[in-house]
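The same subunit A turns up in both complexes below, where it pairs with subunit B and then with subunit C.
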Partner chain A sequence: MGGLIEITLGIMTAVGGFVDISELVFAAQAGSRFGYALIWVFAFATLGIAVFGEMSGRVAAVAKQPVFNLMRQRLDFGLGLFTLIASVVVCVITCAAEIGGVALMLKLLTGAPYSLLAVLSALALVTVIWVLPFKWIERVFGLLGLLMLVFAVATVNIHPPWHEVARGFIPQAPAGLPAKDLVVFAYFGVAIVSAVLFPYEVYFYSSGGIEEQWGPKDLNINRLTTIVGFGLGSLLALAILINAAVLFRPLHIDPQMPGTAALQAAIPFGRTGLLLALAGMVFAISGAAVETGLSAAYATAQFFGWDWGRYKKPRDAPRFTIAWLATFAVALAIVLTGVKPLQLVEWAVVSSIIVLPLTYLPLLLIANDPKYMGKHVNRRLTNSLGWPFYGLLSVAALAALPLYLLAHGGAL
Partner chain B sequence: MRVRLLLQGFALTLVLAQPAGAMDDETLLQVRAARSIAAEAAAICDQQTRGAITGTYANEMLRDAADELRDARRKAVTHAPQLIGVISLALRGAEAGDGRALHRASETLFAMEGAHGRAD
Partner chain C sequence: MKPDGPIKLLAELRDLQIVDKDDRICGICDDIELEGKPGGPLRIKALLVGPGAYEHRVPRWLFAVVRLVAGRSVTRVPWSSVETVTSRIRLKTTGEAQGLRQVEDRLAGWFGRLPFA
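== the complex of A and B ==
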């Protein structure tokens, strides 16, 4: 019974913690600009995060190796250091985008000044990390993030054309798009893959496995969390895309303000829907801010071999503690310069996809190494999904920057 | 007042009469961003009228929309002066919570996208 509760809580936490500000922004814009035509990209990226998330959890449980330990062992030091620096930069930018997103949602709830709310949000997040044990940090935000289910209920309520939604799962580009819009479509495709597969998600997930002292007995929970939890979480992002296609597209809205997404719940359910959506976004985005802040510290500490982990007292892992505090401080400073969260989201998704191949290569190598993994090496199915996916990610990484420039960050 | 409206209408007609192919990327960016912000603000006004959203949410969203439109108008001065009239119309709509003006601005900007608009 206790095991079942653990599994259920793990899955629910994964669902509630799946959507962050970048998925929110790109899902809403994708639906309003291209209807259902990008649904297949979400499905494809979800398959990717399930495969690599499962792999990172399994490696953490069996080999007791988080991602950046592998990086140090499997990549040349210079390449490893480059990946570390790039990953930390991506985590800091993403953390800034999330803090800005939380402050924006709180502003829409309270009317208080944005900068003040950004400072208070960052302080609250730091306090939560300092005070709560790791498991509860994850659960508090993941479970409260489930308020975002109001978006999925809204989808059912607004009766989208389900046959068209189903057709969206078939890989496609909309017919008759001018060349410029095809470039924007391709940019959105790459950005969605990047937003779903943000590298911080595997840094955090695999480090979390070690924080919670997973062993081979936890492999089933790992599999269920990554496949069912991430799969259901992705449905939330899809709900936002579908709602945007039904509610925003006919009104000529391509959301330029992150708070517009909350209208998807307000239109069918009024004020209650609006408040649930805003509160859900606050918790889901806060959870992502915590994950990115800690991930930058996990990556740095693991690469340099420092003591790390929230299960240790701060004085027993001082450099790790300073690293995550510094991440929040720098992220907050970025927010306070006045740069818009939407701009930060765009920088985060473009820079993160460039880091993705370097993050996943050592993971794939070690998950196939019987010296580390024994009988738990990748099975044929995992490899037949993992390697082609890795190849596509590498192509997407090469295409990301040119597409970003050609599509003017999707604004064209 | 009537003269200003007439001039505004004349300016919009001139803009709409331009061939679609004449729009460069920079102008198209401005048009699309301003069109969406005006449409978002119009939707906020509609939902406020329905009583479906809180006053705080409506005020903050309209204030943000006005800030964005002010930015857009500033950029339009150098990059796309033909848009100043319609962006100003949207800005006044956002400042006054005037859904009709915002809808009109959004529709005008959508029409300006012409051949560059979305493929439905």
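== the complex of A and C ==
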């Protein structure tokens, strides 16, 4: 029974922790600008994160190898070092976007100045990581992030045209779009793939598996968490997209501010819906800030062979602790320069997808290596999903920067 | 177990994590020192750990950056101190006995003075 509760909690935590500021922004904007036409991209990216998340958990459980140990062994030191630097930069930018997002939400709730709230948010997150046992941090942010379920309830309540929603799962580009809008559509597609597959999610998930000393007996739980947890989390993001298509698109509202999405719950449920949505977003985005801050530290510590671990006291992993403290400090400094959170979100998704192929290649290689994985090497199904997905991801990575520049970050 | 036959040095040793006899992380095997004479067999003399060992693995300009940020110290761990080589290199002794974990231990002392650390 205790085991069942643990599994349920783990899955719920994965659901609540799935949505971050980038998914929030791009899901709401995608629905408002293109209706249901980008649903298939969300579904496709969710399949990708389930495949690679499961693989990273399996490698952690069987080969006991965190992602950045693999980088050095499989990519060569120089390319591994490049990937490390790029990944840390991506994590810092993403962390800054999350801190900015939390500050924006709190500003909507309290009316206090944005910069002050950014400083207080960063300090609160650092204090929480320093003081609380990690299991608690993960559970608190993940479970309270489930307040965002109010978006899914709103979806049911506003009665979207379900047949059109279902049609959105078929790969498509809206017919009759001018070339300019097609570029924006393609940019949104790449950005959604990037937002769902953020590399920090894999660093964080696999490092957690190693710390919790997963073994082959945990492989079923790993599979369940990545498929069910990530799948349900993605449904939450889809609910935001559908709500935006129903509520914002007819009124030509472009929800560029993350807080605008909260109106989706306010329209059917009034003040209570608004508060639940904002609170859920604060906790979900705070959780993502914690994950990105720690992921930069994981990456660095694992690459250089320092003591690391979120279950360890700061004194037992001092260089790891300095690394996450520095990540939060730099991220906060970026926020305080006055750069808009939306701009940070765009930088995060574009830079992130460029790093993604380098993150997933060593994972694919080692998951196929019987010397490390024994009988738990990738099966045919995983490879037939993983390799083509990897190819498409590489194409998306090459296209990301040109599309960002051509689409002016979606501002066309 | 420790391989007694020929091993693929680069593939099987370099970049592996090193743990001590108490399973504490002690660094990464950044390079390997060999000994031997021309025409004779090569033997592993020591594992090299530390930023100084990156010198032959990265472009010169990058090593200059590494040296600036992390210094160029190298710790030599004698091959005789290695207990096993699997997906990790396990030592027969504590990391401290091999001159490893010095920075970690020094910082741990400072952190120990902070609340909740």
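Here is the rule we go by: the second predicted complex is superposed on the first by the 412 of 412 C-alpha atoms of A that agree within 3 Å, B and C clash if a C-alpha of one lies under 4 Å from a C-alpha of the other, contacts with A are read in each partner's own complex, and residues count from 1 in each chain.
Quick note on the criterion: contacts are C-beta pairs under 8 Å (C-beta built on N, C-alpha and C of every residue); 3 or more make two chains touch, one makes a residue touch a chain.
Keep in mind that what you see is a predicted model, and the values were worked out from it rather than measured.
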Identify whether subunit B and subunit C fit side by side or clash on subunit A in the overlaid structures. fit
Name the contact category of A:Ile267: first (subunit B only), second (subunit C only), both, or neither. first
After lining up the shared chain so the two structures overlap, which partner does A:Asp254 touch, if you call subunit B first and subunit C second: first, second, both or neither? first
More residues of subunit A are touched by which chain, subunit B or subunit C? B
Which superposed partner A:Gln73 touches (first subunit B, second subunit C, both, neither): second
Please indicate which partner A:Ser384 is in contact with in the superposed arrangement: first for subunit B, second for subunit C, both, or neither. neither
Does the superposition put A:Gly111 against subunit B (first), subunit C (second), both, or neither? first
In the superposed arrangement, does A:Thr8 touch subunit B (first), subunit C (second), both or neither? neither
Would you sort A:Asn220 into first (subunit B), second (subunit C), both or neither based on which partner it touches? neither
For A:Gln343, is the partner it touches subunit B (first), subunit C (second), both, or none of the two (neither)? neither
Between subunit B and subunit C, as viewed from the CA centre of subunit A after superposition, lies an angle in degrees, nearest 10, of 140
Look at A:Leu177 in the shared chain and tell me whether it touches subunit B only, subunit C only, both, or neither; answer first, second, both or neither. first
Overlay on chain A, subunit C to subunit B nearest C-alpha distance, Å: 36
Interface residues, subunit A side, partner subunit C - complex: 63-65, 69, 72-73, 77-78, 81, 130-131, 303-308, 313-316, 318-319, 321-322, 372
Listed in rising order, subunit C residues that touch subunit A in their complex are 15-18, 24-28, 49, 54, 57-59, 62, 87-88, 103-104, 107-108, 110-112, 114, 116-117
Residues of subunit B touching subunit A in their complex? 25, 28-29, 32-33, 35-37, 39-40, 42-44, 47, 50-54, 56-57, 59-61, 64-65, 68, 106-107, 110, 115-116, 118-119
Quick check: in the complex, which residue numbers of subunit A touch subunit B? 33, 107-111, 174-178, 180-181, 248-249, 251-257, 259-260, 262-263, 266-267, 270-271, 273-275, 278, 408, 411-412
